[in-house]
Amino acid sequence: MQTDERPKHYCGIFGVFGVEDTARVIYDGLFSLQHRGQEGAGICVGNGERVFTCKGMGLVGELQNRPQFSELKGHLGIGHVRYSTTGAPRPANVQPLVVECIDGIWAVAHNGNLTNAHKLRKNYQEAGSIFQTSTDSELLLHLIADPVFRTRPLRVERALAELQGAFSYLVMTNNAVMAARDRYGFRPLSIGKLGSGYVFASETCALEQVGADYVRDVLPGELVVADKRGIRSSTFCEPVTVALGQCIFEHVYFARPDSVVFGQSVHDSRIRLGRRLAKEAPVEADLVIPVPDSGASAALGYSQASGIPLDYGFIRNHYIGRTFIMPVQSQRSDSVDMKLAVVPHVVRGKRIVVVDDSLIRGTTSRRRVNALREAGAKEVHLRISCPPTRHPCYFGIDFPTRTELVAADKTVEEVCKFVGADSLAYNSLEGLLSAVDHPDDFCTGCFTGKYPYDVGTEERRKNALETWAGAM
Amino acid sequence: MQTDERPKHYCGIFGVFGVEDTARVIYDGLFSLQHRGQEGAGICVGNGERVFTCKGMGLVGELQNRPQFSELKGHLGIGHVRYSTTGAPRPANVQPLVVECIDGIWAVAHNGNLTNAHKLRKNYQEAGSIFQTSTDSELLLHLIADPVFRTRPLRVERALAELQGAFSYLVMTNNAVMAARDRYGFRPLSIGKLGSGYVFASETCALEQVGADYVRDVLPGELVVADKRGIRSSTFCEPVTVALGQCIFEHVYFARPDSVVFGQSVHDSRIRLGRRLAKEAPVEADLVIPVPDSGASAALGYSQASGIPLDYGFIRNHYIGRTFIMPVQSQRSDSVDMKLAVVPHVVRGKRIVVVDDSLIRGTTSRRRVNALREAGAKEVHLRISCPPTRHPCYFGIDFPTRTELVAADKTVEEVCKFVGADSLAYNSLEGLLSAVDHPDDFCTGCFTGKYPYDVGTEERRKNALETWAGAM
Amino acid sequence: MQTDERPKHYCGIFGVFGVEDTARVIYDGLFSLQHRGQEGAGICVGNGERVFTCKGMGLVGELQNRPQFSELKGHLGIGHVRYSTTGAPRPANVQPLVVECIDGIWAVAHNGNLTNAHKLRKNYQEAGSIFQTSTDSELLLHLIADPVFRTRPLRVERALAELQGAFSYLVMTNNAVMAARDRYGFRPLSIGKLGSGYVFASETCALEQVGADYVRDVLPGELVVADKRGIRSSTFCEPVTVALGQCIFEHVYFARPDSVVFGQSVHDSRIRLGRRLAKEAPVEADLVIPVPDSGASAALGYSQASGIPLDYGFIRNHYIGRTFIMPVQSQRSDSVDMKLAVVPHVVRGKRIVVVDDSLIRGTTSRRRVNALREAGAKEVHLRISCPPTRHPCYFGIDFPTRTELVAADKTVEEVCKFVGADSLAYNSLEGLLSAVDHPDDFCTGCFTGKYPYDVGTEERRKNALETWAGAM
Amino acid sequence: MQTDERPKHYCGIFGVFGVEDTARVIYDGLFSLQHRGQEGAGICVGNGERVFTCKGMGLVGELQNRPQFSELKGHLGIGHVRYSTTGAPRPANVQPLVVECIDGIWAVAHNGNLTNAHKLRKNYQEAGSIFQTSTDSELLLHLIADPVFRTRPLRVERALAELQGAFSYLVMTNNAVMAARDRYGFRPLSIGKLGSGYVFASETCALEQVGADYVRDVLPGELVVADKRGIRSSTFCEPVTVALGQCIFEHVYFARPDSVVFGQSVHDSRIRLGRRLAKEAPVEADLVIPVPDSGASAALGYSQASGIPLDYGFIRNHYIGRTFIMPVQSQRSDSVDMKLAVVPHVVRGKRIVVVDDSLIRGTTSRRRVNALREAGAKEVHLRISCPPTRHPCYFGIDFPTRTELVAADKTVEEVCKFVGADSLAYNSLEGLLSAVDHPDDFCTGCFTGKYPYDVGTEERRKNALETWAGAM
């Protein structure tokens, strides 16, 4: 999947309780989750009496330049990385969201997408609440502050139980950091131990980064609270009984390969996708080359299973990705790729199998197929480690609209022609599911149009929360 | 009054409906209100369907560098300049505050201080509301969104009627810009006409800046609405019957001299203060010199009435005031003044009357008296155009605490000794009031400890809103 | 004189030897010379072994943000502020210029303009030298490095003697700071004592700022060396015998009023200009108002001599002058003045005498006369404290070209009509010279076209150094 | 080789004549050479009459933010990327260097290190020249300007012939762009054709990036001139007759794998290094893992030749490398690696062969070996694709001093113990040379201490040019 085709709603969250050098640990943790969101970042840290916040547009690294960063002193805290939407970014939406309720400060950081956000938001607004962001994430704060929940035991649990859709939430008070995961377990969330304290992270790679030991995942429907008494768990909602809705796209593309997500190594599942792809879609060829870095693991698997040697036909320029490059880029011709360069010596005169993780708009792939041919490749066979992406995601991945999805209304042959490859093949749905240990526990809605539950006509129409709240 | 002794809670507000080039007009208007708040600035503009916001820490001029600035397209909008508090600034508090309620987008910009903010905030929080800023300004949005007010006629009027204390408010919806002033009229707010549209501004200097014609002031207790039908007025609250509470400090120090505030030229009232001071506190001297720029008008009046020639003994460095100068400043000795320089040729061998508008902590004055003596002044007589400042303000001026007010527990003689002057005199309360046309309509609480109404023990204790909400 | 009409070639220089906290002292000194150049600033400091440099585009205050600033450790150093030329600024020209010659590091900071720069530059280039800047200031370094001078006694003196034109130079080696002034004394340069060390500054206001005691001026044709043995003087060139060429424009406009320049208080000379103007060009009027800040002193003198009361009809916005304001300014109508605001209450119905220091292009004055009329002034009489500026300056002031000088080809009546005043009058040349104690010692070339010496046809043509070296 | 152990003196150069959109092409070309220097970048462009320059500290991408960038209009130009030295960076040293000589503007961009720089510099200084940078690159400009060369035919050729040491130079005048390479051919430099114009680049990857066709390399001792008459060649110096001194470290580490350097694919030579290493230093193991990205190709070769499967045991974080991360990094413990993360699932319980390109200080390798063990690797065998680096480079690679080179005084066994590996092996010198087609044409001085020519005692001592000119 290419930079300019990336999903926009993904996020990464990270929280700690009882560790030393809190701000630095959160900073490092978020840094290793940077791939989950690159346009806004924030940290808030509490010392039991006050909560300090530092956030803004841009990469995690830029937080250090803000004057608020040096104020982040305390023993508990949470952080967030996020994508911004199109158009000028909205600084107000950068998380964590920090508010004051009747009983003190509450902060939240959220990864996912709520499918009853519209209804809940309207209900609270009807009752007189004001919303200062256009994110669905703000809803949990209104629920927590609501007397209906506030005045009864298991307040946070009850509040969480009201939410439908995909969410991994970190919640912070003056005294505790909590982690919750929706009943379908759409998004990952892990627990780690660091010294005498606790760490929560979207992916285990962030636990490794800060030197924390992986304990276990937060379970679907579970709320885990870390405070000075230690860690404890409760169930705010029964997990779905038949099958979970874990996002298979985390394994296909989004998560970092060194993470263990949903109990399984991401690198390993991608190797398996590649191996399966080699069996489902074999081809006579001289070389297998990955699209770096997202296709690296799958290409390795393809090479292993097919016996076709792996080589590096593309080189990634490590200095791209900074936004200031963009203004000039628009002036470049279509054939110029500032991110990947072909290694002519590798591909010249060869029959090439290019392995990538997914194919969204197809325009970048077309440019790269063309670049391989210009460099002298004899044949270019494109292999995609997941099935064609044809349906929207209501649970946190902001795929382009249907009209922009190259596979939406095209046959595989037509897509092949569009990108200019000699052949094109995807993994089948069965192939995709063969790569994970508990296939029933995954949502494959973006491939099949079948979702873990019916999100409802209304919600489908309104699911792009930012559209209806976009007046702000 | 010196830079480092400035009140912190003052703000400036500016709004327009139905003008061309909306963002530029608001930008220019705020620019001429920059003296009312220099640490944060914001503009929001609406086109009837969407509202665009651009705000951040820093001066008005820096808004142009933000990517959001170019999005500010529409025919109505409001803007705000504000002081930040001590410590690292809180970007979340920068106004206008923009929220979504059940019936659309609402935005507010506020100048003043509410004395029932604590109680109202707790009431709303009790009912389940969350607060995303630590400002009292946010309260009006909760009131407007409250079904109790929302569902009845005169909704905004009813909401405003709940507020106690000092406020000049601009309120913006998708279709209208409204301006309101509390029943005591603590803070100024004027109406102007620009082409076929309307303008609201804290001071008339902002009307002049954008080429608008002054129409009249918003009246105490009045709500003025500008929309496509024109302008119309209603009374949300009877103005106080006996006497208003207009802030006399606006005339003494805060407002720009080219403004007409509370119906009277600021420059003119300051000239009168100076003339009166010459009569109340005459002195044999060779020269009258102003402390630029705040003492300029009063010094002119003093010179006129006393017959002692005016001269410029201090020169102001126009390049100060940028925050990046501060880091080094702390390393300088007390006698170094980066802002004002003495003109040695003027003061050498002379008996000098120094006229300033106010004397808060006294440390800066002491340094300047010392600098005049080092430059060869024979005598230094300090004249202050207002009485000693000895009491807190609950209505929007953040004076230092009592222990920092040099006059709080010292006699005039003791203050004179502290600053090192040969003599020191203030205007009397009568002298102060003689400078304004309707003296009964002014609050003089900071001089007398007598306020237009009893703000209550609880509120006195809690009046520093940022203290109790400071946990955020 | 207005911001957009300012001369471009002026500069300020400041140096120290043997003081504590060298970088801070130079920084503060340059800060008080900021009015002499606002587009580039630099400091270099030496510790006897190494020389550290920090410079760049922008104001003095911005130097602190550069990583090199913290490296400025040592006991001697020099600094510079400069104007950039039109078009994109050239970072390479920012001074001090620091180079390595055969005998070590040399650095220079220069104020003035050399009239034999073109010839010398070509001579050195003919001999094989390369020039890395387009400034004439670089020449002195080539001369100092030249074996012809280097190998003989009085090397720096001999090098300086080669230069024609206007220069006040600071020269720094590993062990000494030197100050030199051309034989005509075009530009000011003063010596101060600070503790056991020495300070050099373009104006005495910078000595005051850092707490140094004024010792004397560097004399025309003198080189003063400060090193560990103390201070010593030599004469590199006989000063002109008949009359010096001190720039009278320093007194009219450029220097700060709190400075003593060429042995005379600037504020005092401006008062005298104003008094003389009142006699030369009296008018029936109600008020005298200055154009802040440059006309302040002259207006005071005019008021004193005429008996017409002074008042403040213009207010200066202290937040202007930052370049980021400019992009929007171009979109504003001609009548909008972001820098000065009229005080309507002062001018309404009055006959006004506006006193300014000079009139260059006339467009800003026209706008301001217009603004006074719109605010209700009955009559507007413009009085300029110097004669019409009609000739180029070859000695360091970059006046606009002749076609842009409003007085160049117009009679006073025509200029009056152009700016829209009821009357316009200038001081006569005699009036101008009456304000200084030794009138023969001043250059008045910009008014008379007669210069202290004949700069030569060639040099006149080539005098704009940046034009012929502008290819770089 | 790891970030913090990188050579500091490498640079990349890029030039064009007669292309469209000159600035954009140079910008793109430099962008693909960014790996050769990341701390300063510059471009100058000429239109036949004027030369415009834009340069500064930082990455190529930041040039676009400078106001000078938009001025870069013309049909010829050169650019440069460079490393800065330790301590605060010196903006003056950023290239291209642009100067004015008697016959116009000359600019140079240089990659390499001159071994007679000290002597030449002293000679020119003796003759009166001043040096404004501390780089050796400036020397060529002095030579070109020198009448001895200037007044005779083949001026640039004669100037180049004076230089000893390593250089690939781009030289620009108002009308031409020239490219030259020293007689030993230490550094690469290629010629490309783009439309009707010409392109020069340090590596062919930059030709590919801008869509230019590779023509040939500039030959050792050759000067190639591109101007409106086309392209022409001359020989300024006979190339060495026996063997060239091409830097083998370009193939081992520095160049991008998609480049053809010295006539040979870099990726291919690295594959060969890996294959040879597998034969020279076999080991029983389960997996081969590369150190990304520098060890990627060699690891692939090792895997191919050994039959041990390749896998990705390290993941590179793409968001590192921005300088603002550094301040916090110093606070982290030694075991934290912000750049590479181990993939625990891959290495757990496995016997691992880690393939890297080189081993300089050893501290980073030690940390990574440790991280692999913590992640559960059973054995860690380190394989380095070149021999131990034990000697300084006088030709452009700024290796750490001998005391910092881990292999300088240690046996391989001692180094192995230091990094904590189960085994450590390097390629032999023969192995290294077996990877390139013409082994005699390479300099292997950093491994053998034998250089293409004797650089001389004096030069050895003075070779660190920045040391002796470091006073500036």
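Order as written gives the chain letters A, B, C and D; numbering starts at 1 within each chain.
Operating definition for what follows: a residue touches a chain if its C-beta (ideal position, glycine included) is under 8 Å from a C-beta of that chain, and two chains touch if they have at least 3 such contacts.
Computed from a prediction, not measured in an experiment: that's the story for all the values here.
Q: Following contacts chain by chain, what is the lowest number of steps it takes to reach subunit D starting at subunit B?
A: Steps on the shortest route: 2.
Q: So the centre of each chain is just the mean of its C-alpha atoms; given that, what is the distance between subunit A and subunit B in Å?
A: 47
Q: How big is the gap, in whole Å, between where the Cα atoms of subunit A centre and where those of subunit C centre?
A: Centres of subunit A and subunit C (C-alpha means) sit 59 Å apart.
Q: Nearest whole angstrom, what separates the Cα centre of subunit B from the Cα centre of subunit C?
A: 37
Q: Got the subunit C residues that touch at least 2 other chains?
A: Nothing qualifies.
Q: Can you give me every chain pair that touches, using the contact definition above?
A: A-B, A-D, B-C, C-D
Q: Residue numbers of subunit A touching subunit D in their complex, please.
A: It comes out as residues 21, 24, 27-28, 31-32, 34-35, 38, 59-62, 64-65, 205, 208-211, 256-258, 260, 265, 267-268, 293, 296-297, 300, 304, 309-312, 315-322, 324-325, 327-328, 331-333, 335-336, 338, 341-346.
Q: In the complex, go through subunit B and note every residue touching subunit A.
A: Where subunit B meets subunit A, its residues are 49-51, 53, 56, 67-68, 70-71, 87-92, 97-102, 104-106, 122, 125-132, 134, 141-142, 145-148, 150, 174, 469-472.
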